[in-house]
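Structures follow.
In the two complexes that follow, chain A is the common piece, with chain B as its partner first and chain C second.
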Partner chain A sequence: MSFRKPNVLPGFGLTFGFTIFFLSAIVLLPLAALVLAAASMHWSEFVAMVSSPRALGSYRLSFGASALAASINAVFGFVIAWTLVRYEFPGRRLIDALIDMPFALPTAVSGIALTTVFAQHGWIGRYLEPLGIKVAYTWLGVTLALTLISMPFAVRAMQPALLEVQHDLEEAAETLGAGRFYAFRRIILPTVLPALLTGFTLAFARAVGEYGSVIFIAGNLPMKTEITPLLIVIHLEQFDYRGAAALGVVMLLMSFVVLLAINLLQAWNRRRHARAAH
Partner chain B sequence: MAGRLPVAAALAVLQGDAATRPGQNTWLSALVRWLFIATSLAFLAALLIAPLVTVFAMALERGFEAYLVSFADPDTQAAIRLTLITAAVVVPINIVFGLAAAWAIAKFEFRGKSMLITLIDLPLAVSPVISGMVFVLLFGLHGWFGVWLQRHDISVIFALPGIMLATMFVTFPYVARELIPLMQQLGNDEEEAAITLGAGGWMTFFKVTLPKIRWGLLYGVILSNARAMGEFGAVSVVSGHIRGLTTTMPLQIEILYNEYNFVGAFAVASLLTLLAVVTLEVKTLVERTGYRGR
Partner chain C sequence: MSITLDQVTKHYGGVPVVNDVSLDIGDGEFFVLLGPSGSGKSTLLRAIAGLTGVDYGRISLHGRDVTEVAARKRGVGLVFQNYALFRHMTVADNIEFALRVRHMRASHRRERRRELLRLVALEGMDDRLPAQLSGGQQQRVAVARALAHKPEVLLLDEPFGALDAKIREELRRTIREVQRELGITTVLVTHDQEEAFAMADRLGIMNLGRLLEAGVPHELYSRPATRFVATFLGAANLFLARNGAEGIHVGAATIASHEHSPQPREHEVVAVVRPEEVVVAATPAELGSRFVAQGVVDEMVFAGALERLRLRLEDGSAAPLLATADAAATPYLEVTRTQPEQRAFELHPGQSVAIGVRRVHVLPTPLSSFTACAASSAAAETLARQPLLAELAARMKTRIGIRPEPQLGASAAGPEESAPFVGATVISCEPQAAQRAEWLLRHGANEVLVLPAQATVPQRVLIHWMDEAVRPATLAVSESVLRHVPAEAEYVGTLSREVAQELARRLSEAPGQMLIVGVSDLARFAERFSPLLDGGRWPVLVVHRAPS
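And now, the complex of A and B:
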């Protein structure tokens, strides 16, 4: 019946009211304006805008490169998380702290730095060039930038799960004659799987919307190396607010789907742990 | 194994001796261990460490003098000033909001609470370009309030207010999401005792709650400050890139880089990189105090 449980502490009205007011003013109303702007368009106009060849090309790159980056991070994130949790080696603490660097580093900085490293004459690019691998100004560069900025999400999602893998269970399995790979597949992987999927999804979510680091390393050619957020910016620069809003709504819907997936995965993770604790 | 002959022990290791020493000292686990560490380090070196070193290498390419001279550029100075002003306005607002939201959510039970937490986290899930665009749709020339604003000679988009709004949108969740789990974990007992003994609400907050959460608050503040100073996408959309007027440090990096002024671009980038290093340093220190984030 009552909206909140009684409590002797003061300040609920003030803090709750302020939170709702501020949340609405800064986040919810502006987002509602975006949805309304798209909703005021005619349906056929909306469909034409979000399914133009240029838009479809940008989705292919944005979603494809993000999925690829998230997969790379699922694999290497697992390896890194495993290394940090299981092994002791000089510099481990420093590496552990460095994992968060892409969180803290402004995207424009990672963009120009990564482009410089992987450009034709860059530190790494010059060794890839003779092999016929072009990174800067191709979809490969886009994937690389997205991998960098979404890496911490994958590693940080898997670390706690790996800490909880029960060593004794693993050792028991090996003592009983289970092969190393069998123990990995039957004991470690099932424990880590929800965290691995969560890490993948979080990395994907972060990568899909990324703008700053990508525009420097992508060639930004329509249909080829143009990500969806860039296409939105191009529409805005031409004062085509409707086209921008239509694409914005597509991206917003994508974010909601991913957000829902993350919540479901985390619920699954919690249930699993609750069962394990029994 | 003290009783064993060294040769027998070596043989056992070579044969994998899994039955007596599961998984610990065999050559296979040494190999796996080496492979894991080498793969991790190679991946991080190429993707993370090389770009970080590049920032400073490029900034100092023409020597320390040229590095310092690049900060004499009035547009660069204006960009640094604008970034500092924006952070100085946005971060305190985030602190007030974060404290209010954490107090309401952590101290009370009410319906729709998890929904509210999800909504607070929403800006993290939204593309930075969208975070900027929503304000263009509202206040831009062809936006909802565009005509009204123009008639009253108020500029929001391509001006300071737009930059602040976009930055606020992007940095909105950081303080709150650091404080909410922390305050939930700490519980209400001490505050309830203080109130029951006759302390006022504000006094309870300042004398009881604030000292307990100060490290978490510091971490939230430093994170939201790093995001405020480094935001590119959202600010880029609302700024209009007017040199010396509406370019923040990340936008100035873009302008200089596109003009092939690499020393200048990386000099500004080096400041933001140092800020990121300080941010991570504070994070490490805060975690060492025993407070665990997230």
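And now, the complex of A and C:
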């Protein structure tokens, strides 16, 4: 006779079964199909496909612009989250709701909106043009679109962590003689670092997979402003399913490596504190 | 002096949360700020620490004016209620934080940390994280951290609030020992009266942003100056008593008190009787001159060494007892008896007993009670329900008497019965208010409060006295009023010959104002004060003392 711990939800066996089933059916199976489709290619064919100059250019843009967008969001998302958590001002709830807009908007709409504003004759674009700054149809536009759509992920990941940083921690640091910058660096930043990394990760993952908003503002010049997801779609339109699958596998691998690296960093950070305890 | 506060005032949203606090705390003194929540004690502590700016007044630490100095340069150590430890840092890093900020060498830091951990009895805990410590241990770390940079002043903001009773006791002792060993001037904020008594060298009691009284615990307990302190520090029964030639009359008892100063004319006072100063006996004869009134045992509670009784007075008017708990409709007399007393005279609920008092303390408050006075008793009762009067009486824990005076305001006639006017007499703001006030003052009322029907609790109290002779009395009454309302006080000086008009003009400048005015000369009073009192829209309290 086994002792069962009373719990609101059904026991371990059932929940674990569900976990495995869902992960398999919804995540692992399609991914396996993708790898399988790519595996039907010959190895040399595969290598030639994924290392063509056009593909390499698209990786650079996709991952570079995504990393840049996630970095921008880590910094400014932190500022936005800080403002929303710490200050009470008229319209705070409105701004809080606005943060989620990119979640809900069809990404194509975001793309069209951005293009309207930043195109050569757009509202802002026309003032940037004389300064020699071109946004639409350049890598800058791609970064801008990725920043926009991944912003809520960064903000929402950091908000709860910032709620945890109570005001008295800063006040304690202050009475102990620390200046603002010192207190920020030694107290606030270390406390929110895990959330900051999570925010970065989510924003990055979202940006890498983004398609809809980018294609409108990118201009899609091969080697210059063509992102990998677009390249995949181009292959699909030419009924080159295997080529598309090969590129997909590369994206999958690279994303997995990046996410794994960040997760390991998080784990290491946690262990560092745990180790200090012994 | 280690800490000197001079008229420190801080407002939030127009309300003074710290109101005109002046205080000196000596070197090495353990000072406790005690008050109910919202009394402004934490805000005052934060102002000393430099985390909250002040709107007015000066703060000095060891003779250095730090009013404009940032918290990090004040040299104070602050301990928070919820510890505020840096959770990602070890105990060692937490304690060394202030030393790192100051770029102290690692070997010196380590030495200082060991010393501090020994002081708070946490040796060997250096490498723990805060999350791995109990609440009591975390607060010890917080104390050690606050002391690391050798601050001149240690400030503790409800440091035991989140701890259970036993841990609290231990930590109290540790903090007291640390404080003695280091000789550091310490201010502790608490709402717990027992804690305050256990720790304080000296005690300051705050309510509504004001520091009401400061002194050694024993003095404050046995000789409080205010109703609030009397009832907040331990239990107290408040009687309306009469101060006469032979002593203090409480009900039937006459108690010679060393505080008693023979008065030319008997007047009403508020007398404090602690529960342990009440005696009960089977018959009044056993109590002799200490007999106050007959009572009935209403409730008995066994409380270990002591027995707690609640007695109801059989005839409430014989010895007027003021309700100390705000909600209590019928005031009860609280009594505690020791074991020998219980054995000598056993009691059971419902028993009728004779009540006596051993010792009374007379509060120096000039406002003992209110009496609503009007031509008819119906009008007087309506007046007694006026919002400001009801609010003041509730806050002052006193009662409102009813007194119909058919002759009120008639030029020659005196009161029908010759009972003296006691406490503050209240009349309504009507066209002949000035004439009525004069009549009352001439017939022995010392304080007359003239109230408009709609007046509410004032935000600002203007104070003026017509001549120097009445200044002390005016100030005493003003203090008494201001202790019970969160208002600002302002002395009004005027060179105008038409003082009443000038005062009326000042009162009409802003809503929510009240005037306290002292007079000694009643000649042509009604005529002079007509612009101020007749049909005015503001409450006016007239304080009269005949020139001696």
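The working rule: the second predicted complex is superposed on the first by the 222 of 278 C-alpha atoms of A that agree within 3 Å, B and C clash if a C-alpha of one lies under 4 Å from a C-alpha of the other, contacts with A are read in each partner's own complex, and residues count from 1 in each chain.
To be clear about the criterion, contacts are C-beta pairs under 8 Å (C-beta built on N, C-alpha and C of every residue); 3 or more make two chains touch, one makes a residue touch a chain.
Here the structure is a predicted model, which is why all the values come from computation and not from measurement.
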Partner chain in contact with A:L148 - chain B first, chain C second, else both or neither: first
Touched partner set for A:P229, first chain B, second chain C, both or neither: first
Chain B versus chain C as contact partner of A:E171, first or second or both or neither: both
Which of chain B and chain C A:E129 touches, first, second, both or neither: neither
Touched partner set for A:A205, first chain B, second chain C, both or neither: first
More chain A residues in contact [chain B versus chain C]: B
Which superposed partner A:G11 touches (first chain B, second chain C, both, neither): first
Chain A residues contacted in one complex by chain B, in the other by chain C: 171, 174-175, 177
Chain B partner contacts - residues on chain A that touch it in the complex: 3-5, 7-12, 14-16, 18-20, 22-23, 26-28, 30-31, 33-34, 37, 76, 79-80, 82-84, 86-87, 89, 95, 97-110, 112-114, 116-117, 122-124, 144, 147-148, 151, 170-171, 174-175, 177, 180, 205, 208-212, 216, 229-230, 232-233, 236, 239, 241, 244-245, 248, 251-252, 255-256, 258-259, 263
Touch list for chain A against partner chain C, complex: 166, 168-169, 171-179, 182, 186-187, 190-191, 273, 276-278
Contacting residues of chain B [partner chain A, same complex]: 18-19, 22-23, 28, 33, 36-37, 39-41, 43-44, 46-52, 54-55, 58, 96-97, 99-101, 103-105, 107-111, 116, 118-120, 122-123, 125-130, 133-138, 140-144, 165, 168-169, 172, 188, 191-192, 195-196, 200-201, 204-205, 223, 226, 229-233, 236-237, 249-251, 253-254, 257, 262, 265-266, 269, 272-273, 275-277, 279-280, 283-284
Chain C - residues contacting chain A, complex: 49-51, 70-74, 76-78, 80, 82, 84-88, 90, 97-98, 101-102, 127-129, 132, 145-146, 148-149
